Every structure is written in structure tokens, then in C-alpha cells.
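Chains here go by letter, A, B, C and D, matching the order in which they are written, and residues are numbered from 1 within each.
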Amino acid sequence: MKAVYFAWVRERIGKTEEEISPPADVRTAGDLIVWLSAQGEEYAYAFENPKVIRVALDRAHVKHDAPLGDAREAAFFPPMTGG
Amino acid sequence: MKAVYFAWVRERIGKTEEEISPPADVRTAGDLIVWLSAQGEEYAYAFENPKVIRVALDRAHVKHDAPLGDAREAAFFPPMTGG
Amino acid sequence: MTPTVRVQAEDFDAAAEAARLTQSRTDIGAVVTFAGLCRDEGGRLAALELEHYPGMAEEEIGRVVAQAAARWPLQGLTVIHRYGKIAPGAQIVLVVTASSHRVAAFEAATFLMDYLKTRAPFWKKEHHKDGTSGDWVEAKDEDDAAAERWVG
Amino acid sequence: MTPTVRVQAEDFDAAAEAARLTQSRTDIGAVVTFAGLCRDEGGRLAALELEHYPGMAEEEIGRVVAQAAARWPLQGLTVIHRYGKIAPGAQIVLVVTASSHRVAAFEAATFLMDYLKTRAPFWKKEHHKDGTSGDWVEAKDEDDAAAERWVG
């Protein structure tokens, strides 16, 4: 699946997007955050406070306990500040 | 003092304004409505339901129990429908 | 902040009034513009005629505006209310509020309209398309209720 | 009623957007226009840079707009949100609502802004006048609270 990052999550990881292949036991959005956090220092830094990270699956907001299902795109970002 | 009338109060009385000289025992806005009601059929008709009549003294809204004081202009009209 | 209050027969330019509040400023975060228009009530109306109490209309709107300015941090505030005969689709009333923050701008504009509806000395009379002069528009209980919620 | 949703780098003409909702109609009684502007934060800011999630931004605003259209009787609805670098005084976001009744137009516009603030995937970064790139603007609890009040 594709992972995309925005705002300071993007800056900390140093990428706007990448292909990821999490193992089968990564079932929820929250599992994905935990798994990504272990992929390197920059990921650990980006996800150091998982509670503030928002996740969208296929461009729709989801909670951390949402199953990944067949989602093809997972996005990670801080709370929105538009408007 | 001057009495001024608006909307259907004006139409029923048939005047936009007039000089009035109420007796000394007419002390409040409400007293003025009662006194005016007795000045002719057209006044009785305009003030037939005193509760709905709004009063302004010298261009400021007042309640019916407000004293006339030194007011020089008393206005009578239905509830406002601007905006 | 010097509010603008105008009571006039002429139409107004809502965009120009809003622009006037923000021009060459960089401290305003939110501008709320309310324009009230004349509806034809399902094709029934040829026009609304707005009677007003000259003098008191300006003064009463000024009092309502002063209340809004005291209650919310506003950097700009404009109220224009028309009188006379107004055709369906034409503008009747304009409220523009400018503030650093959106909640203040929204609340102040909503408050101003609720209060103008129930306190500004204007009365609407309907003119029908069949040429007859209709009734005076009746005040609505829901408008009184809307104004009441700002009390206290 | 077909709402308009646009996410764009270019500026917009708030008055033209409002006019588009009412032109040649006589059934609209109220038009509320909200324009969100870039503040310079007491002279500190040279610009705000708005990052967005292309695709999701349009979709998420579309979902919020559908909620508003289902909840209030609206005859017109336009939302435009800009991205990219925006100078102090310039426009960031526009919401226009048109309805027969003022309460619906006001509530829908307020709801839309509260929801855009907390759900639309946009992030603001500050650029300072001294040439440094500042922090990402932090989300405010009060914005979450404002959105919460529409729930249920």
C-alpha cells in the first residue's frame, strides 16, 4: 500500500510518500503507526506521540482502531489547521 | 407633545402625526394608549388590542408602564418587521 | 473602531462595504457578510414596501451596534437598512462584521440580525402581483425567540 | 441545489460567488458570506503557507457540504479553500450560504466553518518577516469544541 505524509509528519520522515508492505499482523491504522515507528529514527520521531497523529484511509478520516481492510492509501498527519 | 403613528396604527388613525395634550393624570405610555383610544372610533380601532402596540418615547423603545416624563414625542406602532 | 450605520432608500454594494472594512489592513481574520433579500413568496409578491421611523431607525440601529461592539472584539462593523419599495430579489438589509476571530464575527452578525428583526423600527407591507395592496407582514414569534437567546 | 466546492491556489472573488447564488432568483431571503483572511499576527508574519492533501481536501469538504445541505434548507452553497503561500490580508477560505431564511443561512455557514477548521486536510505553516520559516500552526482546542457543538 501507499503511505503519504503531511505537514510536520512529512518533514520529520523526510518523504511525501512511499510504498510500504506491512506484515499481516498489522491490522489497524494504529498498528500501522506502531509498525512505521520502528522503521527508523525519523519515523520514531514523527510518531513519537501517536495520540496526536491523524490517519486517513483512502482519503477518509478514520480512528486508530479502524481496520486497514483493502485500503490502498494510508495518510498520516497532525491535526488540521485549515479554514 | 407630538404623537406619531406607523404602519397599520397610522393607517387606522388616518394620520402620520399630530399634537396632543393629554390631561395630567396620563402618566405612562400605557395611560396614553388608553386616553388615545377614547379620542374617536379610528383611535379605538387602532388601539383595540393594546397589548400588541409598541411605544417609543423620544425615539427609544419603552414598556407600557414607562413614565412619560418630559418626552416630547410619543410613537405608536405594531411589532417591527424589518431586517 | 467606528461602526457605519446607514438608513437609505438606495441600494447598496455589499462587496464594496465588506472591502472597505478590510482594505490595507492585515489584522482581520474573518469577515461575515449578511445580505437580506426580498422574496416573492412563491410568485405572489410584486414588491415589499418598507416603512420606517426616520431618526429612530438610525438611533436604534446605533444602540444595537454599540451593544455588539461592546460584546465582541470587532475591528469593523457596518449596518445598512433600506426603506421604500423593494422588488423581489433586491437587497433589504446588510450586516458586515470583521474580527480577528471567526466566532466573534459570526456571533456578532447573527446577534445584529436577530436584534434588527425585533427592535429596528421598520414595517413591511406586501404589494401583490394582482395589483392589490396586501397586509402588513406579521412579526414572528420565532424572531422574538431568536433575539431572546442573546439576553443574559 | 448543486453545491460548489473548489480547492485552488488562486484567489477568489467573494462577491461574484455570492452573486452567482442569487442571480435571477426571487426565492432567496438570506445570503451569508464568510471570508477567512490571513492575519500578520502583530506584524510577525510574512506569509502563511497552506499545505493540503490533494483529492482528500475536495472529498472531505464535499462530505461536510453534504451534511450541511441535509441539515438546513439551503438554496445555494459554495465553499472555496486556497492552498499555497498566502500573504497577510489575502483571502484563504470562502463559505457562502443562501436560504429562504436567515437562521438556516447563518447556522449552515457557521457549521461549515467549524467543520472545515477541524476536518478539512489543510495545514498552515508560518513564514516570518525576518526570513525564517516558523512553526506549523497548532490546532486549537476551542476549534474542536466549536465543531463538537453540532454533534447529535
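Following the convention adopted for this analysis, contacts are C-beta pairs under 8 Å (C-beta built on N, C-alpha and C of every residue); 3 or more make two chains touch, one makes a residue touch a chain.
Since this is a predicted model, take the numbers as computed values, not measurements.
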Chain C omitted: connectivity of the other chains: A, D | B
{"item": "Far-end chain from chain C, centres as C-alpha averages", "value": "A"}
{"item": "Computed distance of Cα centres, chain C from chain A, in Å", "value": "48"}
{"item": "Centre-to-centre distance between chain C and chain B (centres being mean Cα positions), rounded to whole Å", "value": "26"}
{"item": "Multi-chain contact residues (two or more partners), chain C", "value": "36, 102, 113"}
{"item": "Per-residue overlap in chain A, given as positions that touch at least 2 other chains", "value": "83"}
{"item": "Interchain contacts, given as pairs of chains that touch", "value": "A-D, B-C, C-D"}
{"item": "Complex contacts: residues of chain D adjacent to chain A", "value": "36, 50-53, 55-56, 59-60, 63, 81, 92-93, 113, 116-125, 136-139, 143"}
{"item": "Chain A residues within the chain D interface of the complex", "value": "4, 6-8, 10, 56, 59-61, 75, 77-83"}
{"item": "Sites on chain D touched by chain C in the complex", "value": "14-15, 18, 22, 24-40, 42-43, 88-89, 100, 102-103, 105-106, 109-110, 113, 142, 146"}
